[in-house]
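Scrolling down, you'll hit the structures one after another.
First chain A sits with chain B, and in the next complex the same chain sits with chain C.
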Partner chain A sequence: MKRLKTVLACAVLAASAVTAQAQSQDWETEGLSDDAITIGVMGPFSGNAASYSKALIGMMAYYDKINDEGGIYGRKLVAVQEDTACDSAKGIAAAKKLLSQDKVFMLQGNSCSGVALAMRPIIEDSGVPWIVAHAVSDSISDPLAKNIFHGVPTGSANGRAMAAFVLSKPDTKKVAIIEHSNDWAHSYSDPARAYLEEHGVTPTEELTMERGETDATAQVLRLRQDKPDFIIAALYEAETAIFLRDLKKYGLGDIPVMGTAGTDLENTMKRTGDFDTVKNYYVIHSYIDNLDGPKMKPWADMIHKYYPDEQLSTFSFVSIGSAEALVAALKAVGPDLTRSKLIDALNQVHDFDTGILSDPITWTPEDHQGVKGSAVAGFVDGKPTVLKAWGQPY
Partner chain B sequence: MFLQLTLGGLSQGAIYALVALSLTVVYRSTTVVNFGHGDFVMAGAFISYVLVVIAGVAFLPAAVLAVLAMFVLGVLFSRGLIRRVRGGPHIGLALMCIAAGYVLRGIARMVWGREVLPMPRVFDIEPIFIGNLVITGDAVFIIGTVLVLLLTLFGLLAFTDLGKMVQAVYQSPRGARLIGLNVELFDDFSWGVGAALGAIGGILIAPVSLLHPDLGASFLIKGFAAMTLGGFGAPFGAVLGGLILGVAEQYAGAYIDTSLIEITAYLVIVLVLFLRPQGLFGRKAVVKV
Partner chain C sequence: MQVSSLPRLRRRLFWAVPVLLLALPLLTNEYTQFVANGMLIAALVTLGFSLVIGNLGQLAFANTAFFGLGAYASAILSATLGLPWIVTIPLSGLVGALGGFVASSAALRGIRAYYLAIITLAFGELMRWVYVHARPVTGGTNGLALPKETLFGFSLSDDKVKFYVFLLVAVLLIKATSNLLRSRLGRAIMAVRENEVATASLGIPTARIILMTFAWSGFVTGCAGALFARHVGHVFPESFGMIQLISSFAMVLVGGLGSILGAVLGAVLLTALPEYLRAFPGLEELFFGLIVGAVLLVLPMGLASLLRRASPLFSERYYRE
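What follows is the complex of A and B.
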């Protein structure tokens, strides 16, 4: 009798193990078929931040290109879109739907850092691979989660790139910082400050300009007393324009100003109304060329091939690089694809030149923040130019 | 630096003064604080933007048209919405103002989204440097315009029958009614003047700042602070409060810390309500029993 009980217990255990293995196997290939890989694409397709979803349009155009070329081992990349409206509650609902109802194989996308941070616990628990294709907050991928990979320069990468560019100008000794007092601005200024300190430079003036301020007289007059060699400005678009205007107004227009990826040269010039105000303004620029430059043209053509009415902006190209890295990893896995194998392959992506982002993508099992730097754009001889360092075109 | 800060503060303060004065005009005649006034300021700026940038009208006629349009909007708002809830609780009036403001903001957002729009500069002249002091065309234009406007308005209030009638309605609507004044019409007129003055503030700041649908929110707070400092219902106090606030922001930002600029208005509100609730020129509320 005792022996019979033992045999039965062993049988039950064996059956459970087989079932668990079968379930695990099912999970590994969920959202996968002989002819399709389903990818959940979350983004702000509606609402005030809908312009950010251009990033995901560019990424999906790249999927279409791959599909037209025959897909990956006969499988097409099928995007399942979910709208987050850049709202955390909607983002969480979108992630849950993609994971539980649509049962996608993996996730790629999301443009708003706040939403991505809200989604992270759910996605991390699910174990489903997620490539963050646009949002920049470091906290999305740090601390490390084995299934979450960051495919764009994070805030700290950009902040350090800003400071590196500032210090690449010969004889830069005095650096001032002006910023909003919010997390977005700190995500740029804190790493920039750290980089400066590492290189023996302490900011000589640290100023605040809040959102909605319509005048920067007090800040500019303090800068006039400080006489910095370079100013780092972590300000939104409107405040950047007001600050640059006041800088010129009080005779400080010759001091170079380093701005974030939240602004660009062309629109800043439009807002300030003249070239003279922005001639010494530099911004983080994640690409290898100007948006209308020859190296970007094939990408622009690709987007227009699949989305003919799409108006291109700086956001349109930002997620394409991580889509390329994904395709490379899927190809590396081979036809016998599983989620675990994909995660392993993503961890092997090393120095991957996307031909669009200014810096390569490298993911390792210890570090999933794949893009460690950014180029800078500034006016050289009156034309927007991508720069590696001060006076060095990319 | 001191002179420069004072000039910059007066230029900003002149706009706050105008916003505070427009709030006071409505408050004096109707005892309603227009919590949607910031959006009236924004609407005035956007109407002038449409006329100047899209329709190609010159700045001055565009500004006049925008002010007239906002006057009409203010009158319609009073006749169509405020009158209907006038007899009800005060909170109803406040909510009506907030709702109207959000409708205006919503319309602007629908049309322009969150885009930040530049308005062509009115006096795009090279700044004048006197030693370290920089005098810009914008500052001269804003301070000059507000000064002329205030002198005209205070002249009207002090030396004309219209001013006496306004005073009569403010002191006792019932008494004003008894001597044959049409108080309701006065109310409508006050809403119209309030909206028009707010619009002038928006039009003046638009070329210096940039336009966006949320532009009015900060001006509303600054207007409240100036009104509180000057004393509720005191037009001269509102103007002086606005100028003091503008200068105080600059001094606090330059001499103490730039992060104080944004909270100066709130500090002023708290300090005044704590130390002198009636403000500089307001009257102490006396309840007779």
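What follows is the complex of A and C.
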């Protein structure tokens, strides 16, 4: 009897081991077929933030380009789009649908950091590879999750890049900061402050300009007393234009101002309607060239080939770099693709030059925030120019 | 059907629905279960809102603030103070009730109609400002994440486990609200809606009635906020803005103003609809608007009126067409 029990127990154990292995193998190749790799693409296709869905256009056009070239080992990249509406509950529903109902192989995309943050625990628990292609909050990929990869510069990378550019101007001793009092602004200004402190510079003036303010006289008068060498401005575009206008009005137009990726050089000039006001304004710019520059033209042509009606903006290109890194990793894995192998291959992406992002992508098993810096755009001789550092064109 | 047997049948039907729903997790996947959980939360939010604008007849829009207060109370109590989430549900209800008490102060000062609407809208926006700017407590725009927890050994990350807790809370609050509306207080609430001056002339303390209704509405909605916090696992200020308010208002109107059955039907329909419309990316909002508009045109008293016409079983004694 005892022997029978032992035999039965062994049989049950063996059967469950075989089942677990089969289930694990099924999980590894879920969403894969001989001719398709399904990729869940989440973005705000409706709601107030629907304009951010432009950020996924470049990535989708790149998938189309790869598919036209025959796919990856005969498999096409098939995007399954789900709307998050930039709302955490709707975003989680989208993630759960893609994971448990559509059973996609992997995920890529996401604008709206808050939604991505809310999704993180679910996607981390699922183990399904996820490449974040637009949202910038550091907390999405830090602390490290083995299946979550950040394919754009994070808030801290941008903040540090802003401060590095400021300090690259010779004889910069006094730096002032003006910012909104929200976390978006802090996501730039806090890492910028940390970088300045590391280099022995303490901001001489720290000012707040609230969203919706239509006058910056008070702040500008404080700056006139302080006479900074450089100003870091973590402001949205509308307030940036007002601040620059008042800066010029009170004779401080020659002080250079460093802005965030949330503003666009040419749009800011349009808002102020005056080149003189923006001639010393610099912004974070994640690309190797101006949007209408020759190095960006092939990418613009690619987008227009598959999306002829697309009005190109900074957002249109942002996800292409991470899509390239994904395709490189899929090619590196070979035809015998599994989720674990893809994660391993993504961890091997090192100094990957995307030909579009200003900085390369490097993912390691210890660090999944792949893009560590950004270029800067500013006017040089009256023309918008991409810069590596002060006075150094890209 | 004999009229005398109706109340008994109604009671049986009331309990039969949640009993049948106990089997729902056997039929769902993670996604559909998540949507079903969202329906239970929406039903409570709609119920709380309907109580103020439908039953009490006050044009007040502070319920999204109560919802946010409940969600943040739950998140702060469990993430910062380490209280078990289940304990935070009634506490969040109390915080919501306090919000109701504050919001009712405008109504108590005789402010009505559009003026009350704008003051309560401002209250909602003020609360959202607090969520964004009280960073050390609320986490600012990054929000607050709830810690992972178990309940009697079951993980509260599992939507099926959450469903049973949400169902229990929803049934208890719906039953309590139904009992309240059928009580003396409920009749007084309806009297205030019909004619506040005449009600006061009968010796009914209308100010106290208004305050208690707002507070109960805040309690129900605050509890829903605690469920929502666990539902999404992370609370953000954006979840409690104008979109949430419009969505809840639409649920009240589509279901039937002042009807408990309508609150549930409106919440179920308008939570499910956007999920079905996922198949039409980019057109969801258009279809959603058309469907809501069509329901209101064909059934101005909401979906509940359709059921009432079909059977007296669904009529609500305290509801007036």
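Assume the second predicted complex is superposed on the first by the 394 of 394 C-alpha atoms of A that agree within 3 Å, B and C clash if a C-alpha of one lies under 4 Å from a C-alpha of the other, contacts with A are read in each partner's own complex, and residues count from 1 in each chain.
Following the convention adopted for this analysis, contacts are C-beta pairs under 8 Å (C-beta built on N, C-alpha and C of every residue); 3 or more make two chains touch, one makes a residue touch a chain.
Quick caveat, the model's predicted, so the values are computed rather than measured.
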Superposed partners chain B and chain C on chain A - clash or fit: clash
Which superposed partner A:A218 touches (first chain B, second chain C, both, neither): first
First (chain B), second (chain C), both or neither touched by A:N158: neither
Touching partner for A:Y250 - first (chain B), second (chain C), both, neither: first
Which of chain B and chain C A:S181 touches, first, second, both or neither: both
First, second, both or neither for A:N290, with chain B first and chain C second: neither
Contacts of A:T385 with chain B and chain C, given as first, second, both or neither: neither
Partner chain(s) touched by A:Q101 [first = chain B, second = chain C, both, neither]: second
Touching partner for A:T277 - first (chain B), second (chain C), both, neither: neither
Partner chain in contact with A:G114 - chain B first, chain C second, else both or neither: second
Chain A positions touched by chain B in one structure and by chain C in the second: 48, 181
Of all residues in chain B, those that touch chain A in their complex: 1, 4-5, 8-9, 11-12, 109, 113-114, 116, 118, 120-121, 127, 129, 132, 134, 136, 205, 208-210, 212, 214-215, 217-218, 249-250, 252-254, 257-259, 261-262
Complex contacts: residues of chain C adjacent to chain A: 29-32, 34-35, 38, 132-133, 135, 140-143, 145, 148, 157, 159, 228, 231-234, 236, 238-239, 243, 274-275, 278, 281-282, 284-285
Residues of chain A touching chain B in the complex: 48-49, 51, 178, 181, 207-210, 212-215, 217-219, 221-222, 224-225, 237-238, 241-242, 249-251, 270-273
Touching residues (chain side chain A, partner chain C) in the complex: 45-48, 81-83, 86-90, 92-94, 96-97, 99-101, 114, 117-118, 121-122, 125, 137, 139, 181-184, 186
